[in-house]
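Below, each structure is written out as structure tokens.
Two complexes, one shared chain (chain A), two partners (chain B, chain C).
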Partner chain A sequence: METSSSDTPSHLLLAFLHSQSQTALTRLYQRPSACLSIFRLLGPLERQIVMNLLWLESVIPAATMAAWVPQDSRQAYEHSLSILSRLHLLPRSAAKLALNSTLKTGLRHAIVGGGSSGSFGVPANSDESHPPPSVETLDAYALERWETILHYMVSSGTGRSPTKPSQAVLVLLQRSGLMASVHGGALQITSLGFQFLLHPPHAQLWELLLQYLRMVEERQMDLVEVLSFLFMLSTMELGREYSVEHLSATQTAMLEDLRDYGIIWQRKTSPTRFCPTRLATTLTSSSPPLPTAAGVTSSSQAQGFIILETNYRLYAYTDNPLQTAVLNLFVSLKSRFPNLVVGAITRESVKKALANGITADQIISYLTTHAHPQMRKNKPLLPVTVQDQIRLWELEKNRMKSQEGYLYTAFASQADYEYVLHYAKQLGVVLWESSPRRCFFGTLEGHPNIRGFIERRTAGHA
Partner chain B sequence: MDKPSHLSIVLDLSPKQWHLAAQPGSPHPITLATFLSHLLAFLNAHIACKDENSLAIFGALPGKSILLYSSAAPVDDGDTEPADANTYRPFKLMDSIIMKSITREIDALGEPETEEPIGFVGALTKALCYINRVTTSNTTSGDRGVDPATLPDPRILIISVSPDQSSSYISVMNSIFSAQKLASFDLFYQKVTIDVCKIFGAESVFLQQAAHLTGGSYIDVDRPDALLQYLMMSFLAPPGLRQLITVPTQDKIDFRAACFCHKNIVDIAFICSVCLSIFCSPVPVCSTCRTKFPIKTLQRLNASRPNTTPGTPRPPTPANSLPRSTSIAPQSLPRSTSIVPQSLPRNASNGASTLR
Partner chain C sequence: MKAIRGVLLTCDSAVKQILLTMNEKQSFIIEDLDDHHLVIKADEEWRVKRELEAELEKNTYSLE
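On to the complex of A and B.
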């Protein structure tokens, strides 16, 4: 993100919030659900600092608080304070500590209840003729929507034509650089997109949502409304229907977009109510059971399905076309059974993945997170030979380094050659030289100087 | 580092002690209702910290102990509580379940003539068993090598209003040792931390030792009106975080033990050289291991006995090694009271006088 690495907050979204103005954030903090969600996205130390200050009525000197921090964790503490102050939760001056009063009210309301903001969503009255959908229906719906997007991405380069997601999703994919249209033709997945496919679903979801947030301004939407709606969704209850009546115009417009991503569910016949899916309700829990894997598909998938052997053979217990397609990115698949895909990791298959911009670490982390429970008995989890080999294949790719430059040949005499070479060496632009063949290779930057030098010399001779 | 944490609460619900605590004449009056409102806010904050945080509450009632709430238990259909747009539903559900079960248990007590001793040890043991189940269920159900980062970080918070029952000395100590050894197959956490929050009543020797031995914190609440602040600052941080932001530790700990024969708390005792049982006076035969001691030894021991009667209060022994905050002298650490505007006496300073 925009921030430097030493100052990275614990969540992608926080970096985005850092770039927002104080007024926007203060408006956001008026909603208890937003306060609770942002609080959950903070790191553990930041959360504790906020909680320590939350119930104090008066301002306390910063030194009093700092006295609770042992010497060797001072740095972590200062870092946390800076994250909080950039979210405008704490004042920037270091002498006194007090929480932003809007957040204080909002978070207190969230914890002890009270207030009348209605920020946790207004539930719809129960309707006898249309009972709310079951959790299974919601999970199936979310899974179907989400996998449609991913499946479209993964098979875009292969010539097959899977179901297309809606136009809004395509625009989002294109704008986020995950897919690009080549020569005005059909959308093709980019190397960024390949990396995206190997991320855990939670990270994928937030990446898309962040891109959505960045596009909010140009669509003339109110960022605070959009954010607070997302936070409201994250605090809603799975399997309960909510009414759209109390939503603002912006938020009603968002319903359609979020439906395309599988974040909310709406009955076609009753557009006045909607249901959040598991994708929505796990937005702020940092290590959720994978929202797409927890539901309809067999429970073994939630635990992982890949068995990798030391002979590079890979068995994937899955019938999910998406997972097969993702594996196909770096595995050469040999045979397919109703519940099993067999393949092998080969030099060619890994090189293909590397050429697509996927790194060896991403392959290894994908295999680790999706390893079958049987594999978890092994220590280390993946066979070391395979891990090392994948890394070696990546290094292989980096074996050759290309550099642009000029080759100087056909010198009239050895003396001429050495004279020019000496000059070029003084400039430090020689990349390669061969005295017997009287030629050398210089960098692009050195060329004007060398050329001028040779020209001056030949002119002097003439 | 940011992993879910599990909190088990052992709640002392002795009607007699809560009645005494609510009397205006008591040093820091607090009613059960006030206390519960603070406690629920604290519990909500615990769940607010992380969606995956889990919670179990055990009540110690006269003569019995019971599981009042467990976040793992399925919620019986939520229609009992109408949804409301202004509250976060999980909090509301949890609070109502806790309040209902406490009310049910207290109503079921009736008004007996004499109050049985509270089932504190039972509740503590159940809390330990619960933690054992939470931390090992993942590992036994298929694979040992499950990622330790996904296991919850367990701790126990004891909220006490009753004085020590010296008869339960052995069982309390055994619980402490189990807490120390629990989950020791995993190198990431050596023990279950036991925190103690003493709301009312005399300093508890056993609970001080429990907190000290498991690296927890023992707080004697001086200002019940600031109870929530005490809870937030001292007990909200999971053990992993306490290296970064410290919690109050004890300056002095009463390390005295209770004798096995009369269950008195003793300063000087006689220890069986075979099984290490503790006796307040020399005995010819050890009641635990049946070892017979020579009559000469008995005479010599009797002759050397100090003249003070056993059970005389003595200033508590200073804690020689504080488990945390080694870089800072313990005295320089602020107490929880330093946040409260007025300066108040430290919680351990009155330890000796109240121990009777």
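On to the complex of A and C.
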């Protein structure tokens, strides 16, 4: 069970959970599905620690556990303990280690089964006249919904008007700062939004869901209910229908929102049952959240589809309008064929991307992740010339740095100068200094303090 | 002692020379600090940036 967050120390969601109160988290841990999901989001070492403690009936001395840890891994171990304690999974105490008892019960239930909390969702009774949708239908649906959102973002500002996602999605995009309305007009993608487009789908999904979680309170929804529903979805089975009967009012209200994101599927005629899509069932796992073989896209999405040559020419084997639109952010596209897009990375196209707030590293990492299998034979993967040039273009943009502030000059004496400079340095506001010329440049923020300091000093002299 | 409000520009020496030339046409430099630093008038910042951009653009060639 590998989490998607193995490269980062902690999943986006864990950081969010850190900021929640102990009471809220303990309520959350009452649900076995939530325990299992959080367990899956933890890093490998944290999971190891939890597993070791899970079946112990009594507390164990911290020293016993620490004795297993080699000296050079001490830091990693301490780091893991602090993550666990901030999640209130493992109360921090100097002498004894024991898992949060609520979590212990919940996670045990999740592993061995039992209990009747229905926290993994209650499957709906099979209905002869309406067989559950096939996995392909669900995948196509999820992909269509999700790409509608991304496509709307990428096409805003280009004059074309693609299908609009629902109003709730638009609000979410706006609140998360991915899109903004310019002068009260139509929504335009922001530089944050451009960066978002280049992220992997799993990260994108969680970024939007986190924003959803942040908005929960002002919509007077119960955060614990919302979180536990997401976790419930993440442990459900793809291609199976579940009943809405056992959901709380908050969770029923969420159904509509999640339908807009393509996370769940509901038949219009039978609102009493719903189906999680692949987006939902992979929320806490490492499997790709979007179907890899949907429709005519073949498996290009998983395998990568971009070939980049040393002469800056780029060939993208795709017929997906979204992928083409994303490429268009930083590639100057030349021709389009039924299964191939040809373009070149030029100074103009990269400059346009940089002006939109995309960084050179993001472009390079996008090209790396989506490189065609043929490219994987190359070492390094991307032509070095192109990588370097993209970075150089970025540097070129920053040839001049400007900082607003005050130039302090014409000091009466060297001692005077050094005295004030010393004070300014303590504040950490000095940007430039020259002792022979007896002047220095301080930031705008530091000015009131420095002026006050000089005034106090002059007053003292008088 | 004097405090002068302005914008500190940090740049390479080539850019600095261009700025000095631009300054001869329309003055905006408050203080020439050293090879890599200049202080200019705060309200001229955007104009200077724009003109510098245009100047640098003259020195690049595009294949298109």
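As a working rule, the second predicted complex is superposed on the first by the 383 of 462 C-alpha atoms of A that agree within 3 Å, B and C clash if a C-alpha of one lies under 4 Å from a C-alpha of the other, contacts with A are read in each partner's own complex, and residues count from 1 in each chain.
As a convention for this text, a residue touches a chain if its C-beta (ideal position, glycine included) is under 8 Å from a C-beta of that chain, and two chains touch if they have at least 3 such contacts.
Treat the numbers as computed from the prediction; the structure is a model and nothing was measured.
In the superposition on chain A, contact of A:Pro373 is made with chain B only, not with chain C.
When both complexes are overlaid on chain A, the residue A:Ser402 reaches chain C alone and has no touch with chain B. In the superposed model, A:Pro44 lies in contact with chain B only, and not with chain C. Using the contact criterion defined above for the overlaid structures, shared-chain residue A:Arg347 touches chain C, although it does not reach chain B. Contact with neither chain B nor chain C is seen for A:Val216 once the two complexes are overlaid on the shared chain.
When both complexes are overlaid on chain A, the residue A:His447 reaches chain C alone and has no touch with chain B. Contact comparison for chain A: of chain B and chain C, B touches the greater number of residues.
By the touch criterion defined above, A:Val112 lies against chain B but remains apart from chain C after alignment on the C-alpha atoms of chain A. Using the contact criterion defined above for the overlaid structures, shared-chain residue A:Ala410 touches chain C, although it does not reach chain B.
For the contact definition in use here, the chain B contact set and the chain C contact set of chain A share no residue. Interface residues of chain C facing chain A in the complex, by the touch rule stated above, are 1-12, 15, 30-31, 33-34, 37, 39, 42, 45, 49, 52, 56, 60, 62-64.
For chain A in complex with chain B, the residues that touch the partner chain are 10, 32-33, 36, 39-40, 43-45, 47-49, 51-52, 54-56, 58, 60, 64, 67-73, 76-77, 109-123, 235, 237, 240, 246, 282, 284-288, 373-374, 376-379, 381.
Partner chain A is touched in their complex by these residues of chain B: 1-4, 40-41, 44-45, 48-52, 78, 83-92, 142-146, 150, 228-229, 232-233, 236-238, 240-241, 243-246, 324-325, 327-328, 332-334, 338-339, 341.
Against chain C, the residues of chain A that register as touching in their complex are 332, 346-348, 396, 399-412, 416, 420, 431-432, 434, 437, 439, 441, 447, 450-451, 454.
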